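Chain naming follows the written order as A, B and C, and within any one chain the residues start at number 1.
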Amino acid sequence: MSLFVNITLDGIANGMIFAALALALVLIFRATRIVNFAQGAMGMITTFIASSLLGQGVGYWWAFVAVLAIGFVLGALVERVLIRPLQGKSELNPVIVTIGLLVVLEGVAGAIYGNSSRGFPAAYSQSGLTVGHTKIAFSHFDVFILGAVLALMIATLLLFRMTTLGLRMRASAFAGEISRLLGVRVGLFLTLGWALAGVAGSLAGLLVAPTSSFGPYYMDLVLVYAFTAAVVGGLESPVGALIGGLITGLCISYVGGYLGSGLQPLGALALLMVALMARPEGIFARPPARKV
Amino acid sequence: MTQAVPSAVRLDGGSWLRRIRLPAQPLGRHLILALGGAVVLYLVTSALSPYNDYEVGEIALYVIALAGLSLLTGVNGQISLGHGAFMAVGAYTTALLMTHTHVNFILELLAAIASAAVLGLLIGIPATRLKGPYLAGMTLLLALALPPIADKWSGTFGGDQGLTTTVPAAPGSVNPERWLAWIQIMGALVTLVLLANLLRSRFGRTFRAVRDDEIAASLAGIQVARTKVTAFVISAACAGLAGAFLGLSTGVVNTGEFPLTLSIQLLAAMVLGGTGSLMGMWWGAILLVYLPQWSTSLSGHFSLGSGASAYLATIIFGVVLIVVMIAAPTGIQGGLRWSWGRISHYRSGSHSISPRVPPRPDDSRPLSRSHDT
Amino acid sequence: MLEVQGLCVSYGAVDALRSVTFQARSGSITAILGANGAGKTTLLRTISGLVKPRSGTVRFSGEELVGNPVENIARRGVAHVPEGRGVIAELTVEENLRLPTLWSMGHHQRQAAIEATFELFPRLRDFRRHHASALSGGERQMLVIGRAFISRPRLLLLDEPSLGLAPIVTAQLMTLLRDRTEGTDLTVVLVEQNARSALSVSQHAVVLNLGEVVVSDEASVIAADNALRHHHLGF
């Protein structure tokens, strides 16, 4: 029984991280109809920068905040430089460009930081908390993960629902042409969407790093799990990303706990295929009926 | 269709290029081109050292995988980031048969093709419902999900050590590397002829119709889903054969041979060669085989560390993907065809093939394809 | 006053507009008429900046519009209600109305403008917090008209507003347009398939055929010309 509880808790913690990265994917997909396959690698690079900063003696929280800011800038930069030139041309070209970026970032990280295995510190203790008399597989760090991602989600939702900035971002994402006709600087808000996604991706990178083999490829699996989470959640909303993240996290955890960790990606693949098949009309870029 | 009698090749002073005629019927054309290619490659490999022959063989095997991928993406419009997985399936099938049975070599290759095709079927069916980015994501996950299976059942699959492969004995005094290269070249030429014929046939038109406009195609009576699955299966089969050949080249098959980067490198190579082109895949294959060496010497030139050179190759692949997509979506082959069109236009004045205009930036079809051969 | 001069627009090899020239006076409604494919929608999309012409000019109040980004043209007081209306279904009715005011109005002014719009279209008030997708065709038309007027445009471009509307609603719409234009300095360019109703409210009309201006004259003159009406306008 306690194994089940521990696996479940582990799934929740992982699921929250997937949710953060899935939020990034959702933000970008909503804004520009692109799946940014480089999002994980972007988070990886910013986390490597954090690692450098920590190595220089910068305090953990300063590095944390700095790297979130760098993620913001990186997201905006990628959108303006790589994605903007391809806008409106074809559906596949931007996908391939993000794959190229993924690979370039991994190569750069490897070239600069090399193969030296380095760890990344966790913000809080990673040993399990004690509930009653038993130690559970949920640590202070896991609580932090939960809190940080929830804070991100809530901040995002508040931004979108309550502010004029959020209104313009939503309008730009849902109806770019119409919004332009109404005087909205759509391009700016699409860039902002990518910038916010960059922050979410950086957060995910920072949260994963302590528990992984911290190398250039460490975000690869997280990305595909986040992709699965985003698809499960519908790719349309932050709430969907959160729900999808939790479902995916739990699924991965159960597969890993009961069948072995090697089969986790396969489990995710199965979940992804089920989610994709369950939509009766398949997945289309945008249902035409929306535009009336 | 009437069988056109192949006109003799006429060499005529300064305008010989214009005078060469090939048979009108596609199969004849392709066979003659393949024959010519075989002769050229035979001469080339005979002149080169065994190690270089080995590399030529590697180029040939990657051409097989790339040609299948090019058909899938360029002609049928589906993207796959998981073709490394199909190669792995082909490689492991062949290796398993070689380890445990004494089946005929050709049958072992056919088994590799068949098993990869089956996986292609399993993936291709759900793939019909997915648009570009979703399919990319699913195949990406496939590329990551499959290799760990071999690690999990390491008893059967040889674990870290992997399984060994044996190349069939070379006849007489022929060098083993050269013999393997010939086998791989034969495989590549056969594959190219088959695919080229396929693309010229009704199948090819169906593939393109589905790529360009699924709704219009289905209104025209085309079975869209079946077409897409067929394309997927064929491309997977090609990758399976290539994987088997790769296993023969390296002598051992283990999961380390098939990381995610392989699938992405295949994509980069295909894009560079020219999405949708067949002959263009030779360029891509050359990139795949020689880039590690070039980047090693390049990083030596700049005195980067030894670890850096492997990463430099990765960076270059990524840059290739980005630059080609933004600046030259038709790849090398497309660029060549465009130049050829311009040259012909200038040479023969106003009446000739109209110059092939490079695809406009507002080309709305998925990727921009150069013509297939 | 809107002055379009020598406007040429191509989509690839197809010429959508061939040297279109006309004027639309302020305080009046100018109808753009013609069959499907005549280039009417392309004309409006070029004026609002969604489409870049190959050559030609579009001057409004002396300012050149061509070459400017769409949102800048909109901020100069050009409101374009596109074909298909352009309701943003994922936003609420109120959010749809707020959107064009964000760059130009402060909070109180915005609230007042939204209330004024609900005065004009009381039906919309009931739906103010609902997603715009819940609206019927006629209600959506009210929403986009309200959305166009809320930013106090100086040039209003309407692409087939009567499409899919019942005749009585169309008549109300046309009356509204006339009331809003008469005696103001608002310039209205109205694209319509329904030439009859368009001619009834406009002062001036331009008839397009295959991208070219066939006739540009007073609406009453065109309405009276039976041969022209039969040939180009179908009634």
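We take it that a residue touches a chain if its C-beta (ideal position, glycine included) is under 8 Å from a C-beta of that chain, and two chains touch if they have at least 3 such contacts.
Computed from a predicted structure; not experimentally measured.
By C-beta contact pairs, the most connected chain pair is A-B. Of all chains shown, the one whose average CA position lies nearest the global CA mean is A.
Among the remaining chains, C is positioned farthest from subunit B, on the basis of C-alpha centroids. Computed from the mean C-alpha positions, the centre of subunit A lies at a distance of 33 Å from the centre of subunit B. Spacing of subunit A relative to subunit C, judged by their CA centroids, is 42 angstrom.
Centres computed as Cα averages put subunit B at a distance of 53 Å from subunit C.
Within subunit B, no positions touching two or more other chains are listed.
Put simply, subunit A touches subunit B in their complex at residues 29, 34-35, 37, 82, 85-86, 88-93, 95-97, 99-111, 114-115, 216-217, 220-221, 224, 227-228, 231, 260, 262-263, 265-266, 268-269, 272-273, 276-277, 279, 282-285.
Residue ranges of subunit B in contact with subunit A, taken from their complex: 73, 77, 79, 81, 126, 129-134, 136-138, 140-142, 144-146, 148-149, 151-152, 260-261, 264, 267-268, 271, 304-305, 307-308, 310-322, 325-326, 329, 361-368.
Residues 48, 50, 69-71, 74-75, 79-80, 82, 84-91, 95, 98-100, 102-104, 140, 147, 151 of subunit C are the ones touching subunit A in the complex.
Those residues of subunit A that touch subunit C in the complex are listed here as 164, 167-168, 170-171, 174-175, 177-186, 290-292.
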